[in-house]
């Protein structure tokens, strides 16, 4: 059957006013394949929709072009109109004559509009339907980690009715939850007992992930626990593996008992038997690593506590104090109000051991002079690093990490808690320098995403929108190597030939594989070479 | 008449050889000049074979000149330019003209030279080449045919004590030693410890082989940096580069000679190895100065 | 004949940026023809060459900012292909017809217009 | 897999200068995968040639065709009509395919559009490395599965030359690994370094009598 294209003009309620629609309609009507041309003033309102529906039926149209606003704006809507007319939503193309036509140029743009429509018509004539299908998914979720973020995620997932496995490498849950930025009054102990009492949550401690396979809705994870390996199926995986800290210190100073970490200072503050209270305390942060959100919070928290509990003199050396939350702002004010001194230095201060004390030499930017401070205790700068095993786990799951080794925190374009691989999510410190408040927003956001994916037991997805033609595929593995979403693997066809198999669920329809395939085997409906070239060819005809 | 090198290796406690690099062209007057200058001051003159893959007057030709002028020539044979037929033929010719010493080496790659598009041969490698000389020495060619008039070469080879990683290099040296050589001449060395480590290893494999440390005077910090980056197997330590950098302008060569002489003296005094091989390419006329400063004259 | 410039626009960045340019009435040459692609990484060498075969005078490939590609490496692959195309055009002394890649965010309509103006400047009249 | 690389345009244009109608013939097997001579590259080269001629005065027409394997006469036969139509054929296949094409159509000039470079494998997408020199006398049992005949710049059989660069890189190219260092590390890992200590006699470089020809008894 020949493809019949129906073109629907819309002037967006008069918003498009520099096109001679009558002339345009006449020209468009002559384009090959165009069966009917309609003019409307508000296609996306009920009357317009009805007009479209009846026209599609009456004229027996099987490809639709709408010449109106941007597809970013209304493509989705018009596809639904097509569906309700019994046409596949993919048999649709838009000519953006408003944002990229009428509004972008002065004067009459009839000629350009007609050309934009010609591009859309040429593409539309070649479009193929893409079916949708419900894919059953496993509703269990794996949460890796045993800290604050992991326990929280497991609890909330369980609360929305998703069975969850909490997998922790350590022997007990919550053993490494001492939060650099402070735990904001959360009682980790009661959270652990809540998790332990939750029937919907399976807890695997002293366990590790050994291998993973599969895709969203159907991950197979091999877990080792107690010398035994078991395979589990999950619909989604949440990583909450946290971070670790490392003192940024010259090696000869590492053994100095007067130089401590934030964590050590906390323990000293809680120690009722502490014999000597340090009279002068120095703090340092923001020199070696400018991602210092957590170090800042820890410093503010602990400086305040020491000031209040010990009445120590406190000096904070830093490049800048980064207070990016109301909580941090409040802490900073309080610290200043009670006499904590902040010194802004461009260069990292020089630290030397000095007769049982620590000498700090710095140049304050505002005072412009060298400051020398001898203190009883120096709370050293701490570097934030991904926790041990992050690298191994990311390579098992085949997901990327950013230049600092955290999970993909740098690509602002991505949904912050989602990996590039569908069905794998991150929460908390494993995705960067994030304080507790961010964990508290991450968790619900991940839980909502996982719930949306898995709760119905099915995912509705397009079938073979992107597909490798088994006749043309030479199994060169190029697409498998380049796929940003890890959606392709070798599969055997019925006649036992190996070809690239693209997972309908995992594919994000970017077309990177289609562009790179040496055999031109990949068919990406809507963006096939023919469909792209059909638009280009209109230039030559004009 | 010069003493045969084989005798020298047996009798002398500290052997000194120098490199004679043939020039580009048929004019051999410069080569003769160097031969005359050095033949009585060193125990052998080692003539390079299209060194650094740059086409030159042949090693064989200069060896003949050394012989004619009363010196003791050591013929260098690389595997780069000749297949097994040509190498055997050359060796027969050399021996028939009184050249009795051969240094077997792989040869630099064609890519570093001035005929980069040439076909490189490497029909044999250096270990196989040593075996080949032994085969000829036994009166047969490689194909097993009897020779009418055999040969009897004193065989030497090369090694790189400062290779990184060293282990694969040592395995190769071990193979060369087991193939049977009378002397090993090293790539330029600048670190005595490296040399010591290397000689210790050689001694464990073959107690009888003589080791000649390669000495290449460096005449400036720039040259040192260049050599580190571009000359395969050469690693000049930073402290020497610093020492060179501090030398006043115009005294680079003198400084280089001083450093080289210091190294030679140390090697000799500490009996690190059995001798030295001096390569002062392009400044052959100043080799006597090194010998004098190091107390070898 | 209308001398067209073809711009392949990533639907995550350049396409919305172009829409925004229209909304803000930031004008650019009418000869621009935008082809919407799901990612700059979908654009292949042959698409660019065919644009020239069909009479385009310049081709733009517009994708997400470095490190912010929705599909991780799509924009860097596109950049490499653009460079390859420039090499192919240079080989046939057709480098008066420029191909360029620009990176931008969806909220940068001015950058979109700058990219169009920039490529327009690079077009050389034949014979010059 | 056979790896090839497109020839420089200037060379191609010189070859095809006298002809008005060209057939660009691709091969969908090895050279397609290394982006040198498949349907895709035929398209790119054809487009490039069309663009080039639009700059000059001479009008040429370019036909495009790709066969599954250009080194098979039966498959090349499929192109007969198109070849007859053209003045000359520009083949993007490996040397073997080009010659098959030339033999099938003796009255037509057949030109190479690619340089066949080596037998290799993809190290990652877009990067191919030489692995095999087709010497006819496989040595890999002794070298931990790493071929020194082609992966050592000098094809040495008894260990590294003295030119290894710092960190085990090749004398001629700091980007490339010294094959013998790789062999050493592999054999060390397998505790088979005795293999490297063995002496290997000069290689039989006539294991394949050139031109190579193998008659299988299975046929």
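Order of writing sets the chain letters: A, B, C and D. Residues in each chain are counted from 1.
Quick note on the criterion: a contact is a pair of C-beta atoms (placed from the backbone, for glycine too) under 8 Å apart; a residue touches a chain by one contact, two chains touch by 3 or more.
Everything numeric in this text was worked out from a predicted model, so none of it was measured.
The interface holding more C-beta pairs in contact, when C-D is weighed against B-D, is B-D. One simple way to say how far apart two chains are is to compare their mean CA positions; for chain C and chain D this gives 34 Å. Here the CA centre of chain B is 39 Å from the CA centre of chain D. If each chain is reduced to the centroid of its CA atoms, chain B and chain C end up 61 Å from each other.
Distance between chain A and chain D, defined via averaged C-alpha coordinates, is recorded as 42 Å.
Counting partner chains per residue, chain A has residues 482, 516 touching two or more of them. Each of the following residues of chain C touches two or more other chains: 46, 50, 53. Contact between chains, as defined at the top, is found for A-C, A-D, B-D, C-D.
Residues of chain C touching chain D in their complex: 45-46, 49-50, 52-53, 88-89, 91-94, 126. The touching residues of chain D, when paired with chain C in their complex, are 8-10, 13, 40, 43-44, 47-52, 54-55. Residue ranges on chain B touching chain D, taken from their complex, read 79-80, 84, 105-109, 111-112, 120, 122-128, 131-132, 142, 158-160, 163-165, 167-169, 171-172, 174-175, 178-179, 187, 232-233, 235.
Against chain A, in their complex, chain D makes its touches with residues 28-29, 32-35, 38-40, 122, 124-125.
Of all residues in chain D, only 153-168, 171-173, 178, 180-181, 183-184, 188, 193, 196-197, 199-202, 205 touch chain B in the complex they form.
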